[in-house]
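Two complexes are shown next, each including subunit A; its partner changes from subunit B in the first to subunit C in the second.
Let's look at the complex of A and B:
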């Protein structure tokens, strides 16, 4: 059984590594974005560590959302997913493979942003903070992977990228990942409380002591409930799919 | 005596309420038997495969798979390991090679056929390092067929397997179906090519509007055509009630 999981993960990653159209934007976009707007022209202001963590949140969400939404929509539309469901492969192997590929790219994105932050923006964290931050940022991609999965199960392969972009960028902005929430109007802050990007970023900010003060339990509960809900929707959709 | 691999009694399915796609279909496949399911487009041939495999929520009075009663859509993994499937629309990850696709799929099974043997058996050796996206339609069909049998299954579902294949590839496919039968494998084959049916099938099941309208052994099917002094094709058109329509068009 372990071989199935290993092979699924290996070939999913191999397939992505042969798709520059996926990994180049996924890797370069957060790094370039952070370097220009977080380091060179940091008009949004704020503590350098807070800015770096915000861009890290933005960066790791991308591969989780895109890899699931676009790949699942494509596999579903081509009939590949149907063939896999008829095979003895557990669907959890397919999901784990997609998530592990997303994590692979997330790790590269984080390392790149850490290097930029440490070298050009004088971000200094303790070793414990770096490790805790990495763990929170990687684990926190799960709800976004599930969101991508749901999008992939409902949208066509042509619609999926547009739908992801439509929710990814506004969710990032409204959660204060580019501009601190404190400088945005009050109504934007009230919107932020309903967004997974906000609760995810607050958990990451808590590691560096830059969060808004809500308890960790609130953020975790929000993300766990959201993940459970999305997993249920995905399960329901799988059952209904012919 | 041949073992019954799968038996469905009163299989029903409707994608929309009141519009049944399958209507009380009875079907059984024995070990070493090739059953051809025929019928015009839209008569439920592909849905029949999905219903038997549990990928649509079909109703049935009884469904037995390898002697085990089935309930609902769930099929045990141990049973799935004994089944091979080739569906009409299956695309594969475009940038994995033929060898990688076979290696991946073979890893799902306990005792798969070795990949080099699959490559040789399906004339894919020269294409071993070619990515799926660069294969022609017929080559893709060959790979999908190889994937269907990579787990050394006891029961194989082939949904229009020779679609897009050239004559050489089609004959290669026929050889492999005959090889599967020799191994004691049961095969459900849907196709629109009657020469394929004549070459491979032991039994013919004709679907019309979701119901089995005719079920004959291949020998009886051929004998009926010979007795009426008509071709196999004309006999089939008569069975599905389309002969008059074809005659009208010819006139």
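Let's look at the complex of A and C:
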């Protein structure tokens, strides 16, 4: 049984590793973006650690959203998904495989941003903080993976990248990942409360003690409820497709 | 198996990077040994108000044990003072501290700060260490915790969920709540009802008066954030103990001066923030263009930023005249930088504020007093802010007499906190 999960994960990752068109932009974009706007020209200001964590949040959401949305939409349109569902492989293996490969890329993105922050931006965190930050950032990609899945299940393979960008970029901006919320107009703060990117990034900010002070329970509850909701939508859509 | 190799390599990479990533400097090792005590001299001692007739300072257990004219005969090691100038560690009377602010302050010779609004949990953490005189790598902090403001008022825009004041009846509860959260004093934000400039909503004058009454009942000091002359006048008449800003909409009137003096109110002008709004010279002149200073990119950027206001530079002259008139009338002038607001950076801006006060016409001796003795007195900080027996061994070694040249404070030769030399 475990072998099915392993194999599926292996081949999903291999197929991505053979697609430089996916992984090069996915890896380079957050790094270059952070280096330019977080390190070289930090116009938005703020503590270097805060800036790094914000870009890390932005960076790890990317592969989760894109890998799911685009790959699932493609698999679905080309009939690959139908074939997989007919095979004895449990669909959870398909999901776990996709999530583990997006985590694979998320880890590389995190390490790159950590190294940039540590080398060029004077970010110092305790060993425990580095570890906790990594754990929070990786686990926290789950709701975004599910969001990507839902997009992939509803959109065509041509529409999926556009839809993801349309959701990903504003959601990152309005949650204060590029420019701190404190310098944005007040109504942005009220929008932020509704966004998963906000609650995700607040959890990460808690690790470095720079969150806005809402309780951890609120953020976790939001993300858990959202994940459950998205999982239900995905499940419903699968059933309908059958 | 290839997957195994890939995953193994990734895990190894994670471990390596996590081990190599920078962590905060470990403090305990190099400070623990130095804490037993020492004699430092010969030095020239300026105690915050005047030069003392002593040359050697004996430090034991983080405190100044004794002052000597001659090198004493003790079992303690003698540190060569090389006739440098020794003065009390500086006290920044207006900061907003979080993250590594307290270490950044200490690194520039500020050994105690007064926080004018911040997360009470941060204050609580550091309140524990300030009563001990143990080796530590950060400035001590006194603070207001959350400020008192109106719904949507100044202070609510920074993302901290500040409990706000809705009506006059809240006054006692507000004070009690702040005290329960560890506030050392109360800070209130007030703008008078007819203010024409763009400002956040403010509590009413009646609410301010109720707060002052409640604060007096609880025997706790209350200071006010104001940004214009009329609000300052009303706050002083309401009975606040201090103003934590000056203003630049007009020169201080005789009436306000009389009220300040009669009510024994102190003022923390925070000129450096206004200078950033109106003139922007001091940072460039003393910090940004000084290549011997190691300014991080972050500090540099803070010192170059300013509030997005477009006001004529002539207003800055009004702010300067106000400070001068207040000083001449006998109002205690305390040095506070309001770091890390635009145009300021923790630690660095203390000397800038002192230079600006001197430029405005406050005598250097009075500026130095306002950075040491006066804040310790008005905020009841205990035995600090002075070089005297029994006082905390927080002091600086300087190249020159600070009374002849304040710029010597930009780069102290050595900084001692609780009797241990700060080494970054």
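We adopt the following convention: the second predicted complex is superposed on the first by the 241 of 242 C-alpha atoms of A that agree within 3 Å, B and C clash if a C-alpha of one lies under 4 Å from a C-alpha of the other, contacts with A are read in each partner's own complex, and residues count from 1 in each chain.
Here is the rule we go by: contacts are C-beta pairs under 8 Å (C-beta built on N, C-alpha and C of every residue); 3 or more make two chains touch, one makes a residue touch a chain.
Small disclaimer: the values here were computed from a predicted structure and weren't measured.
Colleague: For the three-chain model obtained by superposing on subunit A, do subunit B and subunit C clash or fit?
Modeller: fit
Colleague: Determine, under the contact definition given at the top, whether A:3 touches first (subunit B), second (subunit C), both, or neither.
Modeller: Touch partner of A:3: subunit B, not subunit C.
Colleague: May I ask you to decide whether A:19 touches subunit B, subunit C, both, or neither, giving the answer as first, second, both or neither?
Modeller: The answer is first: A:19 touches subunit B but not subunit C.
Colleague: Let me test your reading of the model: by the given contact rule, A:215 touches which partner, first (subunit B), second (subunit C), both or neither?
Modeller: So A:215 meets neither subunit B nor subunit C here.
Colleague: Looking at the overlay, does A:165 come into contact with subunit B only (first), subunit C only (second), both, or neither?
Modeller: neither
Colleague: State whether A:86 touches subunit B only (first), subunit C only (second), both chains, or neither.
Modeller: first
Colleague: Spot which of subunit B and subunit C makes contact with more residues of subunit A, would you?
Modeller: Between subunit B and subunit C, C touches the greater number of residues in subunit A.
Colleague: Report, in whole Å, the shortest distance between any C-alpha atom of subunit B and any C-alpha atom of subunit C after the two complexes are superposed.
Modeller: Closest C-alpha pair between subunit B and subunit C: 13 Å.
Colleague: Overlap the subunit B and subunit C contact sets on subunit A and report the shared residues.
Modeller: 14
Colleague: Enumerate the contact residues on subunit A facing subunit C in the complex.
Modeller: These residues of subunit A touch subunit C: 6, 9-10, 13-14, 17, 39, 42, 45, 47-49, 104, 107-108, 111, 114-115, 118, 121-127, 130-131, 134, 180-182, 186, 189, 208-210, 212-214.
Colleague: Please name which positions on subunit B make contact with subunit A in the complex.
Modeller: It comes out as residues 15, 47, 50, 53, 55-57, 73, 77, 80-81, 83, 85, 87-93, 95-96, 100, 103-105, 107-109, 131, 147, 151.
Colleague: Would you tell me which residues of subunit A are touching subunit B in their complex?
Modeller: Those residues of subunit A that touch subunit B are 3-4, 7-8, 11, 14-15, 18-19, 75, 78-80, 82-83, 85-90, 239, 241-242.
Colleague: Could you list, by residue number, the parts of subunit C that touch subunit A in their complex?
Modeller: 1-3, 6, 10, 13-14, 17-18, 20-25, 98-100, 119, 152, 157-161, 296-298, 301-302, 305
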